[in-house]
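Before anything else, here's the structure in question.
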Amino acid sequence: MTSVETRPVRVALVGSGRMGSFHGETVGRRLPGAQLVAVADPAPGAAERLGAALGVPRAYTDAGEVFADAEVDAVVIAAPARFHAELVVAAAGAGKAVFCEKPMALTLADADRAIDAARASGVVLQVGFNRRFAPDWAAARALLDDGRLGTPRLLRSVTRDPGGFDPSRVPLDTIFNETLIHDFDALRFLNPGAEAVEVYATADALVEPEWRDRGLLDTAVVVVRFDNRATGVAEACFEAAYGYDVRGEVFGSGGMATMGGAGRTGMVFSGASGRLAETVRGDQELLADAYVAELAAFVDAFRAQAPAPVGGEDARAALAIALAAAESVRSGGPVRIEKVGK
Amino acid sequence: MTSVETRPVRVALVGSGRMGSFHGETVGRRLPGAQLVAVADPAPGAAERLGAALGVPRAYTDAGEVFADAEVDAVVIAAPARFHAELVVAAAGAGKAVFCEKPMALTLADADRAIDAARASGVVLQVGFNRRFAPDWAAARALLDDGRLGTPRLLRSVTRDPGGFDPSRVPLDTIFNETLIHDFDALRFLNPGAEAVEVYATADALVEPEWRDRGLLDTAVVVVRFDNRATGVAEACFEAAYGYDVRGEVFGSGGMATMGGAGRTGMVFSGASGRLAETVRGDQELLADAYVAELAAFVDAFRAQAPAPVGGEDARAALAIALAAAESVRSGGPVRIEKVGK
Amino acid sequence: MTSVETRPVRVALVGSGRMGSFHGETVGRRLPGAQLVAVADPAPGAAERLGAALGVPRAYTDAGEVFADAEVDAVVIAAPARFHAELVVAAAGAGKAVFCEKPMALTLADADRAIDAARASGVVLQVGFNRRFAPDWAAARALLDDGRLGTPRLLRSVTRDPGGFDPSRVPLDTIFNETLIHDFDALRFLNPGAEAVEVYATADALVEPEWRDRGLLDTAVVVVRFDNRATGVAEACFEAAYGYDVRGEVFGSGGMATMGGAGRTGMVFSGASGRLAETVRGDQELLADAYVAELAAFVDAFRAQAPAPVGGEDARAALAIALAAAESVRSGGPVRIEKVGK
Amino acid sequence: MTSVETRPVRVALVGSGRMGSFHGETVGRRLPGAQLVAVADPAPGAAERLGAALGVPRAYTDAGEVFADAEVDAVVIAAPARFHAELVVAAAGAGKAVFCEKPMALTLADADRAIDAARASGVVLQVGFNRRFAPDWAAARALLDDGRLGTPRLLRSVTRDPGGFDPSRVPLDTIFNETLIHDFDALRFLNPGAEAVEVYATADALVEPEWRDRGLLDTAVVVVRFDNRATGVAEACFEAAYGYDVRGEVFGSGGMATMGGAGRTGMVFSGASGRLAETVRGDQELLADAYVAELAAFVDAFRAQAPAPVGGEDARAALAIALAAAESVRSGGPVRIEKVGK
């Protein structure tokens, strides 16, 4: 008896870079109920190499081949951001369930196209906002859902990377579209039912000041006002001396939840220089459980043919905040969300 | 040999309310090297009552009598904020060293008058920005001074009161002038040598929404941009379900310092509902050591006839941010500091 | 090319109870490089049920069938403790690599037989002392290995279960043989190269005092003196109101390492009753990563045909402490290790 | 109206060494309601020097002069331990309230003489077990008193000094009589109403091994069994690389309280080497509040003519444990308390 419930979901990977490899390993080795069956990457030999490492037989250079593969139930899109929307549209058009890394799109029009395509095909569409699946964040949301935190008043979400980026390869607005978009989604996740109405942002090149004139923004603070009158602050920096840092805070009428900031392990060394705990250096380490959990949720949604826990509309809403933030930096003043891109 | 160095500094208290009583008790009972010699309060019997409780013989209803009292070396001003500047001018004019609770003034013109009066008389003028004396904050500043934190990039300062305020008695802009002014000073303290250039603020009545129309602001977020390109975020709320909460964070090129958030004691109870630590309910408890330390520093400055560690110019700079924040809320956009009050 | 290095290690499970199911799921679903190929359990239908749940075709009622199965490389023994030694001897005799849950044996003679059998067959023999693989403990050991902790002076290891045990089903000395044996191994792990020379123990029935007369011991403290003059304290209780608690401490000439005590997540809720963090309720949750890591290490040892990181001699040494502790409770005084069982 | 209630309690200090100076400064400068009026020390010039520093006019070389001084209400005894009992007897005989540093006596007979003398004179007798007054410990006791911790099962108390002691000046059994006696009292304080019945101890010279042969004991572990079947473990070491460390733990049927382990401040620095917090280096810093609180409680007891919160019987009970511990080290086995000194 091989029912949909019991045979593994057959997943193909589109993109075999840093995130692609990581998702591939998760699907292939850590995800009960899923099976990695194909890898696609346009770079010569890239799909073959990752496929061989993960024991996956089918390697393609053209994502279209994946979408045409009848033995594929679902795709994980981890290509460069500028291709995301187009790939979602194509995958959905081919009837594949889609998990797309963030950002799902770089324009609201593209986001709408992706959402429409998934809706038209009736396929599951999930976006890679992994923090929703991190234990701290999920626990905070549970406190919101059971009412213990009351009505949110002030929220905070912080992302700091460990640095080492190449300033020549950071596209304009990356800090908003690719980094802070996680924080914008986190703020929305922690303020359930509310939507952003106005955004004020300030950003600068503080890590690499000599790149400022070329438009690099490596450090930013964004204030997001919501329609339930809560205010969120998102901040990011591309370099933290102490490693990878993702934290959050929700302050509501019932109290406060704080998230993140854990050490590499719980071991603390007290020595002549004081009390010392190791910090976390990489996102894949910090959010290891979340990366597995988000894909497990995607597989579950596919099996149940139920809506994904974080979908295309969420991707669009976070993108709208990112676009407003970028516009605010340029204009110097706050930007209303409904006017974004108009 | 009764020299200035060895006899106690004779301190008079102006104002016997909540803060006045507290400062009076500190001077009278916890401050080696100082002696509380007089209390003034215009309310009938108030000075007598506090004086009796503290064993202080001279009680006045008119602050002028304190300033005329030749047996008084220094005054601690803890009257309502709207009288502060005038009292500083009068006390300085009478040659008294002055410790003035924050805010020292409510307008930049008044702040300038107070600064000028102290300068003209050559008296010590200190302002009650107590966080500079709180152990966590002083330790963070030490890390900045020894270079370990590197150049500040992002700063944060948070104040949340335990609530229970009377919305009918909160003057307009109190959240900026009286609460967040501590945070504005903390941001400056943690970004040494830098000055604010632009302020964006958003504020609302979230604790007492029915007072919104009368102009109450009980919750606020303020973004402060500094001339060294660091950005600070100050936030405040008049009601936190868990008590009194003062925290700070400095993120620089060398790492991050976090301050505040300690429990009432270090005892942690692990029980059926989890791991539980008591929170602090009052500012005088949370900042107990800082309240003593700031007055000890004042006494030391008086003895040494040296500048106070936090003086009139600091009060003016924090006030300029507070005024810009209030203006930003009204205008809806960022406000340049040099234009404040112009 | 199907080499030893690339084909999965074929693992069979002996015992399908609470620990067996858990190990089975780890091997079957979370362990790259291993494949669960058979389950054995004498209880009618038990092996079939677990096999079906895990997609494992071969189910046996007799462990001997597993050992005779040529398609099995390695076995995980999770039967009741009293059968462990005999199963190790049989499995090793059949040339299978053996991972045996603790305690490997209940007498030193049985431990010796198991060790001898593995040695004679040249098979890998690993014992389920999972704490060595818990991140905190591994990090503390790394501090010892790199010299930062200096020479150990005082050690501590604590185990507290969440309760709910059935006192009628607790065999005599379970607290030493099955619970504290983890702590005895942890003390040895954290005092590398040293061996226990004397043990003093005190134990009682404090959770279920009415069972005291029948010999139940549910709470114990054990002092272990080592030949390098360090002293360790192990303590255990079968019921903690707050959940499952495993902690450790090493204090050496260079400082102290503390381990354990983490919450369920890093989320902290500050509310009207204080600051609250969830505690962990189960060992399989608390030590989830360690359970995977110990089996991964076993698979690695098998592939490399290298000694297991924690082997039969370690099991014997911890057992010797457990036996001495039980004897100390009966005699009321300290017991020399070399006299155990003599 | 100068009543007993309102005039300051006149306190004399006997002993002007490290602890004496510290207590003198507390009484003279930090204790509302008390006045330091005399200092006695047999060392030539010592009392004068401390008196001058604290502004105290009367300096004696003979403690007898203090006891004869009619203007003295109460004495704080901080002489070397071997003189304590005799001084308590003399002070009580002269009708003075007595605060005596620990240990109050070095033999049970001397402890009895001190207790009897205070009882005969009806004076307040308090012993310097300061941990009862440390906020963490007081909070844990409050949890016991309100029932939340349930019945104690396992207790722990740890003391580690920062080192730097002169092994040639450490009298035999100092680790029990002067250091661990704090921990023995802490165990009793955290197990209210229970008394120790049996003690097992192991101790060694690990910090200064070359002094072992001369009987130095610088590291010790003591197991204390109580008549309510709870077991406590006290441990101490004269040298911790990370500073001064006092911690405690009570585990009862209702949960666990942990005490101690706070950093110097709450500031945490996250830098390239991890997350770092300063540790505390001195007892007078770690227990600063407790040192004030214990003397404030003594003054309150004197005013109320009520029993001290920690009195002669407590000193005797802790001493009995200390003597049993020393005997256990010598005998190698557990020692019954009722047999101590018999």
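We just call them A, B, C and D in the order they show up, numbering each chain from 1.
We take it that a contact is a pair of C-beta atoms (placed from the backbone, for glycine too) under 8 Å apart; a residue touches a chain by one contact, two chains touch by 3 or more.
Everything quoted here is computed from the prediction, not taken from an experiment.
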(request) Average the CA atoms of each chain to get its centre, and name the chain whose centre is farthest from that of chain A. (result) D
(request) Could you let me know which interface, A-D or B-D, is made of more C-beta pairs in contact? (result) B-D
(request) Express in whole angstrom the distance between the two chain centres, defined as the mean CA positions of chain B and chain D. (result) 38
(message) As a quick test, compute the distance in whole Å between the mean CA positions of chain A and chain D.
(response) 57
(request) Find every residue in chain D that makes contact with two or more other chains and list them. (result) 240-242, 245, 254-256, 270-272, 278
(message) Please output the residues of chain C touching chain D within their complex, sorted ascending.
(response) 150-151, 153-154, 160, 200, 202, 204, 206-207, 209, 219, 221, 223, 225, 229-231, 233, 235, 237, 239-242, 245, 251, 253-256, 332-334
(request) Spell out the part of chain A that touches chain C in their complex, as residue ranges. (result) 29-30, 32, 135-140, 143, 148-149, 254-262, 264-272, 278
(message) Applying the document's contact rule, which stretches of chain B touch chain C when the two form their complex?
(response) 240-242, 245, 263, 270-279
